[in-house]
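Just so it is clear, A, B, C and D label the chains in written order, and each chain counts residues from 1 on its own.
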């Protein structure tokens, strides 16, 4: 059972505090509530191996601070996260300048379009638009509520291609290269070769690497220093994305959109 | 300066712990970062009257737990909030069943339409659609990133009208009735009379009470027990919303949409 | 000649066989599979308190006879039911002559329309059409896969009103009058008064008796002998079905459709 | 625990029970009723070479278990099959994800479109839509009530092409390759050559093989493991389906629809 006593962890050589253990436990509590949808005190205590009183005080504290709400006697994730999340998104230049472009891209292609950025080695689907002929599916519409691996999406690979090699190695070490389909790249050397090819082309393909029969094209958004801020992508069934369309038209269209976003960002950074 | 020592507040009569003080301070840190956009250690220490080392360890802990990220040497709100917020929204039945209706409402009226719910006495703009003829404005597009007072919006008043009177009194006591325009209801008795009128009509008006020259109509969404889950609303410039349109057509359209959402919710609860 | 063996139950006074117990157990097996989606041998044995070998031989026999199929190691309901069900529906004159009318009714009203018949005291939703403005909901689209009580739907009450009183009493005795909403008729005397009113009007209302906020109008289909074969109905959110529309237009329209079906049936019975 | 009695057939070498003979006889009774529309006791006894008392007790048992109903003194197939069949269909992912696509396909082409799956070596027409310009005909509208041979329809051949060769041989051995028209493939070698051609093309043609002058195009739906779940098809008079339309447009349209269904299925399996 985790002890609540001292609020700082003291595992440094010199015994000096490094992080606030209580906050880390509170974070775990939030993650359990997110995983299970809603939890009660007993369930949480068992799940995290805490005493009931510790579980209770954590839930109560998170409720008082607005991160959890009680509904029908159990605790759920509060909309405070939504409000803070909207704030974070709205102040992101990638979102501000990317939104009009992916809106237009979806209208022109009729497919799903996305703005993706990287945080702590995972992809965050900051914004997506469902085109007219896109498949309606919970899998797609719920993408923004999941952090995704970066190595099996076009947007993710477009980002990885422009991160420093050591950072990519760090990400691969931390999260591995799990297979989603038979086409997913699961070998580090193969991934680095792919990232090299992406840099040469200027955009990334996903050819059934996330979902069988589903394709995507992603282009990076970089600042003048060459740092990658995220990527734009368009995704759809392979039958809509093949031949010239997959190999010429859409790459041309997506990289053009990415270029427009980059120019907007650069203009703004000089303003 | 706040002491960090004991992680629980002990201000109960009997000295028993009530909430985890460290978590409450961490929440304050998040709120400061949100208010200021990005903060450094020194700035935070001053702002919250903490020692620099305490400020530092809070920022570091929140970074390690994924709630803050460092950009250009300062701490910002991480997209983790966005990801958790999307999760919270997607699992809300009000959003699930309300979305198709407010999408349609926006297409038909050409105005902004909203799904609003209440959390801790404030309104949360869970979803909004910009209609074809809506004014493009940061004020509107950023609504979801703010918690709003309930007493000066149509959606907020539609909710207040169906909350228990004691709860409304509690909210008024906590947050007051600040004026936004000359039309805002700032007197509790007047508010209660208005809520009575809303219950009789079945929907709420906002006639320039939030923004001068801006109007809205909101209808409550209630479950079979009569509890209010939130509201739908349509909002636009007074010039688009007047005469028969404001007094008959739109109220009839908005209440019809609210009825459809209620029926979907009820069907689902019987499934 | 095939021998019947000893599989009959002999619980009659005079010891004469009444029904084939094995067939009744096989039916229970089918019902368990339907309830649970798919079952394995052990699960079934526990559920029905059978030995594993008996559970196994039942599953195998039902598989060989085409009523169950194995998928991923568990048994599921075979499409043989679907094929036989389509046959039963297609040969029903109520369906044959009712279908064009409820198709038209859905197109005109934009709402859900239904053909319902009674079997063993329950309602069967033989056919339904989703109108243009109908709510998309699994609850509605899955109606045909459920047998419904008759006392809380317009189509069900339209049927009950024209069944012999003793039959209605039998149904009430067997299945009771469970409440679905606060508006459901749960008292037998009240039900009989309602059925009397339906006979006077010639059609039945459902005013939020099945789903809160949802209404329907149903009219009986009878043969020349006065026996009720089923009913037609239209259903929608209360906001679409109110005032003159609910009290004059739709009843007029639904009874007219029912009359057309009856005339078609009668013409055919003379052919 | 329920006793199984002596109702098992004991025709195994070692005398061990294999299947429940009574259930098999009951299944034969159902099949006779289905074939003849409605039967009485005497007719059934003669037909299945049973004693009258055995015939009677089977009919009574099936009636009590809800599978048969009495109408005008004879036994008919009950709607219980319809209700269970709707259940089986609604829970089929092939139907869930296929329905929107064949709805759209029918709207675009104006022809009949179908979702077909295989069960026990036969085709089941799980869903079909009559397009605007389709011929109205009982033959078409009653397709779902018949199990079809697989070798003379486009949907059937699209399925056969992706079943393991041994399974196809088994089906051919069991049911033969009966001719429907002069164009039906009735030779096993010819069939295997055709299936090879289908795999190369990715879709199947029916060129008057089921009905003279009637054509169809069918595409398989497979899961990521390559297993075929069923097929989509469009069918119509040869005059509507010829030249470029038959050889390019429709194949391209049908395979695109099949790809979309596969992607939806795959997304769902990853969710």
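The rule we apply is simple: a contact is a pair of C-beta atoms (placed from the backbone, for glycine too) under 8 Å apart; a residue touches a chain by one contact, two chains touch by 3 or more.
A quick note: this is a predicted structure, and the numbers were derived from the prediction, not measured.
Note on connectivity: the fewest chain-to-chain touch steps from subunit A to subunit C number 2. By the residue-number overlap criterion, the interface of subunit B with subunit C counts as different, with under half of its numbers used by both chains. The angle of the rotation carrying subunit A onto subunit D, fitted on C-alpha atoms and rounded to the nearest 5, is 55°. Comparing mean CA positions across the assembly, the chain most remote from subunit A is C. Mean C-alpha positions place subunit B and subunit C at a centre distance of 45 Å. Each chain gets one centre point, the mean of its Cα atoms, and the points for subunit A and subunit B are 25 Å apart. Subunit B and subunit D have Cα centroids separated by 53 Å. Among the residues of subunit A, those touching two or more other chains are numbered 142. Taken as a contact graph, the chains are arranged in a single closed ring, with each chain touching exactly two others. Of all possible chain pairs, the ones that touch are A-B, A-D, B-C, C-D. Residues 135-140, 142, 180-182, 210-214, 237-240 of subunit A are the ones that touch subunit D when the two sit in their complex. Of all the residues in subunit A, the ones that touch subunit B in their complex are 4, 7-8, 17-20, 22-24, 26-27, 30, 34, 37, 57-58, 60-62, 64-67, 69, 76-91, 117, 119-120, 124, 126, 141-142, 144-147.
In the complex of the two chains, the subunit B residues touching subunit C come out as 100, 224, 255-256, 259-260, 262-264, 266-268, 270-271.
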